[in-house]
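These notes concern the structure reproduced below.
A, B, C and D are the chain letters, set down in written order, and residue numbers restart from 1 in every chain.
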């Protein structure tokens, strides 16, 4: 296993956030994806939607200034931005199923070359944690994934086929790992940007699925 | 045709209103049924629901004191009573389909001895006016009907079987006509109360369906 | 973000093409987007499918009947294809009797729920309404929990013309009293939502986030009704 | 009209029988009816079917996990039958692994929509959520407009325990911010709705009819959280 430096989580999330377009409604999953909100292009107006019915929230609240009634999907206290609106859970998921969410960013255990991904259940444990992930994965206009390229044990997560139960089939469009940025097309994983110092071959060595180098592949872009 | 006095519309509606119980949610159809709100027992608290999403409205507004934004199902300006709540149309019919309406009072062209009734379409005219009648008829806990006993031409409206397209099957529980008060049971029309001076035979003569005299039949009760 | 505020009703409806499905709310004269309907009438789009509670009234106020009379509407989807009283021979009734306009009659609650399904990404739903009637004929039936239901499908719109009380510049909307009626459902069921505002358009932050009836993400265009606009 | 105001949480939940389906909202610590859940825990009803977003957390706050730990819950219907982190071994996880409690895992949006269907008299609905996953196995599928859907059924409750910000004496409710979450859906989906109020219970007429999140017709019992009650 290479000892070369990999990408930081914040860089991975920054890169995905660079894809957000003006006026997009963005839903960030619990955990790593929340880092996407740390970098927002000031020229873009992004509307953050949280599955618990908060439409248009702002950064995390400063300590001591929390509104205890205002939390995001991760239960963190966030701030109100002018223009925010609150709806109940059924209306919030009506918005999600209705296709209003331009992108949802989630973590995952595995992503397959056909766009399947898995993030809710490990068969060795009984039960699973779905939350709103299945609704979002099935109905958002785009699913972006942020995850480490391999498991802690070094096993690949970019697979030919998911081993774990999927969250949604053929859903993932864009994937940032600590080794690069990947698009998923009908040709499978396309390596668009590679972590500095990494080659296609080195990344392929840590990947089960076959990677295709994009014709315009370049070094990973940082904010 | 008898020249005996028949019941007034207000008396018919008063009689139905006497059946309203404390805390009932009552929906009054356009036209004659709105007269039901003129007599409310002061010992009962009745909640008037209008299909356009007004829950808990009061009497018609006095002229010059109308709130132009506040109307009932008939488009009449009504008053707000303390505790009123407004919902949108989908939520209003969610309440109706959800079985929250204790009684809906409607007019009708025909009522059949099996509880079918017709009030939305005359086959000689193209199209029909359903409004919220089918939702209410299918989903309210009880359907009461207020209508003249016969057509203007003297033809019976209490039938063995509806001739006109029905609004809902087996829906009607109680019916006030200008000749009396009728329950509908598995035995068909039961004459509970007769207009003063009218006999079962005289009422039967104006009725196609067979009437059964209730064991406790009595003269029509006025408020 | 591009401003949602338009300077005129005509400008706000200028791109509605022929053949669009146009939703317009209103119940008993309240919450009818008369200014936007007047503008769409002037604009002249044809072959429209119109979704409303009714197909227009006999009074001289502008409503969907104005567009019907002008021959702009190909099909009407509504809860009344005949007026309450036979004496009310509206332009719709005349044209419908002459087969000059098509119509689909939908129970009011089913109409609202079909639009709600469209906005909520629901592919279809079972309702007990209309079972045992002529309107259920040909529809798929299913008994659920001992009760018969019919299957109904979503009703999405291309454009919703909305009448609200107040908005902020982001398009968050508030309605007054029974003005709400079909407005929030249509605003969320249509791809493009255009709103005429009675009271005022305020800055973002001035409306309480707990008391917004339609979130601004559903709203595309706002026009304040000017002093010479149609208020009632 | 009988007063809806109860003097204690214990009184308000005293008649919840064994075997009831009890809905309790809350999302990320907000809008959880902790006082009513504590009272139901004291009351001791057993064999409950509990409907919540999750099956309890590891902190020492009272939530549905408190009742699970006490053996009061036979079945849990929720969007998380395993916590986000494997390290979080809640009482539910322990009992679920030992087959001491039953569970039904439902995607969060489907959970909300199934309750909404129950309150709205909808017999069933088609949703694209979960298609192609393990959770769709055995469910009826149908392609509508080129998209595959699964059929889901309503989820009604016997009792809803609700946490609201403000109420009037008729039971009209208002929520603050993300406290709203599942509260209005559960309040309308359950036969009996019992509410704990954070801020105050005002006289009828003091709440703006345009800004009521749950109409009082859905609400049966109100208890003001006293100064020694559980606020967070």
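One rule holds for everything that comes next: contacts are C-beta pairs under 8 Å (C-beta built on N, C-alpha and C of every residue); 3 or more make two chains touch, one makes a residue touch a chain.
Remember, it's a predicted structure, so these values are computed and weren't measured experimentally.
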Review point. Hey, what chains does subunit A share as contacts with subunit D?
Key: C
Exercise for review: Calculate how many whole Å lie between the centre of subunit C and the centre of subunit D, each centre taken as the average of the chain's C-alpha atoms.
Suggested key: 33
Practice item. Report the inter-chain centroid distance for subunit A and subunit C in whole angstrom, where each centroid is the mean of the CA atoms. Key: 37
**Study point:** Interchain centroid distance [CA atoms averaged], subunit A/subunit B, Å
**Key:** 57
Exercise for review: Scan subunit D for residues touching two or more other chains and write them down.
Suggested key: 113, 116, 120-122, 127-128, 175-177, 180, 209-210, 213
**Study point:** Multi-chain contact sites of subunit B, meaning residues that touch two or more partners
**Key:** 80, 86-87, 90, 93-94, 96-97, 139
Revision key, fill the gap. So the touching chain pairs work out to A-C, A-D, B-C, B-D, C-D
**Study point:** Touching residues (chain side subunit B, partner subunit D) in the complex
**Key:** 22-23, 25, 45, 47, 49, 55-56, 80, 82-87, 90, 93-100, 139
Study note, to complete from the structure: Given the complex, residues on subunit A that touch subunit D span 30-31, 50-54, 67-76, 80, 86-90, 92-94, 96-97, 121-122, 125-135, 138-139, 165-170
Point to revise | Partner subunit A, residues of subunit D touching it in the complex | key: 27-31, 53, 79-84, 86, 93, 96-97, 103, 105-110, 112-113, 115-116, 127-135, 165, 175-185, 213, 232
Exercise for review: Could you pull out which subunit D residues touch subunit C in their complex?
Suggested key: 113, 117, 120-128, 142, 144-145, 147, 149, 153, 174-177, 180, 208-211, 213
**Study point:** For the subunit C and subunit A complex, residues of the former touching the latter
**Key:** 1-2, 116, 118-122, 168-170, 172, 188, 203-205, 209-210, 212, 215-218
